[in-house]
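For reference, the structures are reproduced in the following blocks.
You will see subunit A twice below: alongside subunit B first, and alongside subunit C after that.
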Partner chain A sequence: MRIVIALDTHSYSEAIVSEAAKLAANTWADITMLGVQPSSSGDMPDTDLEKRLRQYRKSFLSRFNEGDNPYGGVKGAGKFTSQNGGFLLTGDDKENEFRKKLHVKIRVGDATKEILAEAREQECDLIIIGCTKGLDCQWQGEIDLPRKIAQKADYSVLVIKERKTTDTISCCLDQDQVSQSSLEMINQMVTLHQAELKIVGLTDSLKAGGKEGVENKMAEILKYYADLELNPWIKLVRLEDLEEYVAQASRQGMIALWMGKKSLLGKIFSRDLVGKLVNTSQSSVMILR
Partner chain B sequence: MNNQQTSILILDDEPIVSKRLKPSLEKRGYEVETFTSSAAALKRTHERQFDIVITDLKMEGLDGMDFLTDVKEKSPSTEVIVITGFATMETAKESFQKGVFDFLAKPFKIGEISEVIKKAEQKLKQSS
Partner chain C sequence: MIKMNKGLLALDENLASSIALRYASRLVENLPLQLQAGHVEVPDNKHHSAGKGWVRRTWERGLIEAGQQAIQRLLNTEKVPCPFIGYPKVFIGERDDALLEELTDGHYDLFIEGNLNTSDVMDFDSLISSPLYTKTPCPILVVKNLVSSNTIALLCGDGVDHKSVIPRTLSLLSGNGLDFDLIFYRYMESEATISENKDEAGSALQEAEALLQNENLKPLNTQVISGTPESVARLLKKYKMVASAFPLRKSPRLELLAQCPSPVLLMKSAKQGEKS
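Our next item is the complex of A and B:
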């Protein structure tokens, strides 16, 4: 698994470093900690952002015991060196000495574009980003940036708005087009949080042979989990009630929405509605792709 | 290890995993055998040696940890790569204690596992 963590200098970013470290401790994922500065005046990165990223790296690594750390230690301060128009933290340690990659980078330019570009370059499986509480959902002072990332990314995106205990993960799946990677991402989240899994299927009387067709597909999902010795709650929700259900579930725990290109949900939830959900949610929202 | 094709055994009880990996790795020049049953895979590893074994952990019957333990006991030079959909720090630690080459949490892209396989190949070449 490869994860890009988008980080700015605000306190919510500090909180998501902790969340990302927990996920990394379980999955031993390759990690890129990414900061973005709007412009560069030379060979040096923004001082405040550089300082914060160093702190985040240290905080991330502090989650690991010496013997359990696949990313190497906190040897030396390292230095940011220019790379492809941005900056990469390099140290004395040789990357190949460690089992997994922990890159700390600063890109220069428009934040949305640069975060998406980094995710693309890394061929990542997940982007993690925090934001302010409330409706405007700011990142680095830019309103709605996490919404834009969630809307535009080709990869799964986890928006952590407020750290809460995740007892339940409500996962709205399109039974027609469930990607293997989305199921695998959910499984890792369930394992991480030891959370109860709720699979929410749609009953759309106009598609897929009506309720019977939907139930057949839900049976396939149940079999998938039964084979894995998991027993999720299964819930069927009428199409017209789904938005309300999602809004409610997002207040109770993590909500995951499968929003691939072929997803029926992608048609039901317009891109604007995805953003609305991200903005109004009180906890974490994961957009699965 | 000689200049012959690198042999890879893939064990995952979810057929979709092998279905995705096999053609992609064969295209890259590897000799690939796939199994969805750990018992069948174990039998095969007793019949012949593989350069690289890729195994899931959570499976019915003999689980992946027991399988890789047997593989490493029988053939210490075989490099084992663990792939798991339910990763925990404990399983990662235990895997490395048992001498696996790498530990990948699902989901992963073909490019990621290909990189790991290449590194395992390099190690095999260096030690041969």
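Our next item is the complex of A and C:
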């Protein structure tokens, strides 16, 4: 599993490091901690961003006990060296010494484009990004960046709302294709937060047969999680009731949305709904692809 | 001596039945309940009048075999230890008619089926207005989700005749390891819920407590809960099931039972055809 954690210098980014570390500890994922600085900032790494990324790395590694730490690569402070137009934190140690990679990188350019480019290059499974608390979900100085990432990424995206605990994870499904990795990701999130799991089937009452396809997949998912003793709650929601349901569910916890290629939501609403969900949700949002 | 009750578990090859089957397999561990599985094969219209005599018997045999295979697939998939009285019964015809006939002729004490919790209250309204539900001569357990709790909520208020409903509910649920909460529901137009002392329900909850005491039972909690059906329903998800009188008209209680994510047990009065 590969995870890209998109970070800037603000408190919502600091807040997601511990959550990312917990997920990494359970999945032993390869991690890239990514910061982006504008092209106008010169040929050297931005001092503030560099300092913050070092702190985030230290904070990330501090979540592991000495014996359990699967990460390494750079011992001590290391230094940012130029690489492919950006900067990579490097040290003297050989990377292969450790089983899993923890890269700290700075890319140069437009933040949205560079985060998406890094995810593509890494062929990552998940992008994790933080955002401001409250009814809006923003990065400072980058209008609607979390929304754009969630909309445009070809990979799963976890948008973590600052200072919002996750008691419930409501996973919305409107298609009969769900990847094993997304099921496992939800399992990890439920375990990490000790949260209640809800599987919400979206039914298109206009299309005969759609409901049955979703129900069959929900039956498989129920069995998968029941075998893991998670016992999810099951609910069917009509497409026209989704917005109201999401507004209510986001007050209680995280919303996850399976948005595969066959997703009705993807077909009917393009990716606008995803953006709206990210922007208006009062909780963290996970887009599963 | 504890009476052994007999329940009909309606099964189809779908998610709702998967949940109902799993739930029922846990329920029989707590209750003196023997289950008969039943499945209805609904014939296609074009094949409905498939001849007479040998031709018809062959056609019916084919449908029954298809139904048996469907139930066996469900049982094989779920792999839950649910002891049944006998082989699953397969009926041919309209679903409501066939199940109603079996429930009437078979003298069952309980009808169980799965029905998924939906965002539209009208779905539940349609369900309990159906001929099957209105005419079923025994209590009905609608399984919406798997809940592992061992506490049952006895829901009073909003027109529930607790003096009639509670004794019959207890006779059905007199099992081992089950606890009871008494809840008096009161509609209130507010997103927040308010829990109040039992005295706020007048004498109703005290009488209900006395009815439990008659069976040597004591409720864990007795309280009045006020709120919208939606907000109170969220509180009810901690219960193994929520038992109440069969709603006869549209009301906040009907909406509460519709929104409740836990299984709901609908008790009928003697007038509504339920056997005493």
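Side notes on the structure shown:
Throughout what follows, the second predicted complex is superposed on the first by the 253 of 289 C-alpha atoms of A that agree within 3 Å, B and C clash if a C-alpha of one lies under 4 Å from a C-alpha of the other, contacts with A are read in each partner's own complex, and residues count from 1 in each chain.
In the analysis below, a residue touches a chain if its C-beta (ideal position, glycine included) is under 8 Å from a C-beta of that chain, and two chains touch if they have at least 3 such contacts.
None of the values given here were measured: they were computed from a predicted structure.
Contacts of A:Glu14 after superposition on the shared chain: neither subunit B nor subunit C is touched. Contacts of A:Met1 after superposition on the shared chain: subunit B is touched, whereas subunit C is not. Of the two partner chains placed by superposition, only subunit B is touched by A:Thr191; subunit C is not. Once chain A of one complex is fitted onto chain A of the other, the partner contacts of A:Met218 are limited to subunit C, with no touch recorded for subunit B.
Of the two partner chains, neither subunit B nor subunit C is touched by A:Asp110.
Of the two partner chains, neither subunit B nor subunit C is touched by A:Glu243.
Within the superposed three-chain model, A:Leu228 lies in touch with subunit B and out of touch with subunit C [touch as defined at top]. Taken in their complex, subunit B has these residues touching subunit A: 13-14, 16-17, 20, 58, 60, 85-89, 92-93, 96, 102-109, 111-112.
Residues 201, 212, 215-216, 218-219, 222-223, 226, 231, 233-238, 241, 244-245, 248 of subunit A are the ones that touch subunit C when the two sit in their complex. Against subunit A, the residues of subunit C that register as touching in their complex are 14-16, 18-19, 22, 77-78, 116-120, 144-146, 148, 230, 237, 261. Looking at the complex, you find that subunit A touches subunit B at residues 1-2, 25-30, 68, 70, 99, 123, 125, 180-182, 184-185, 187-188, 191, 227-228.
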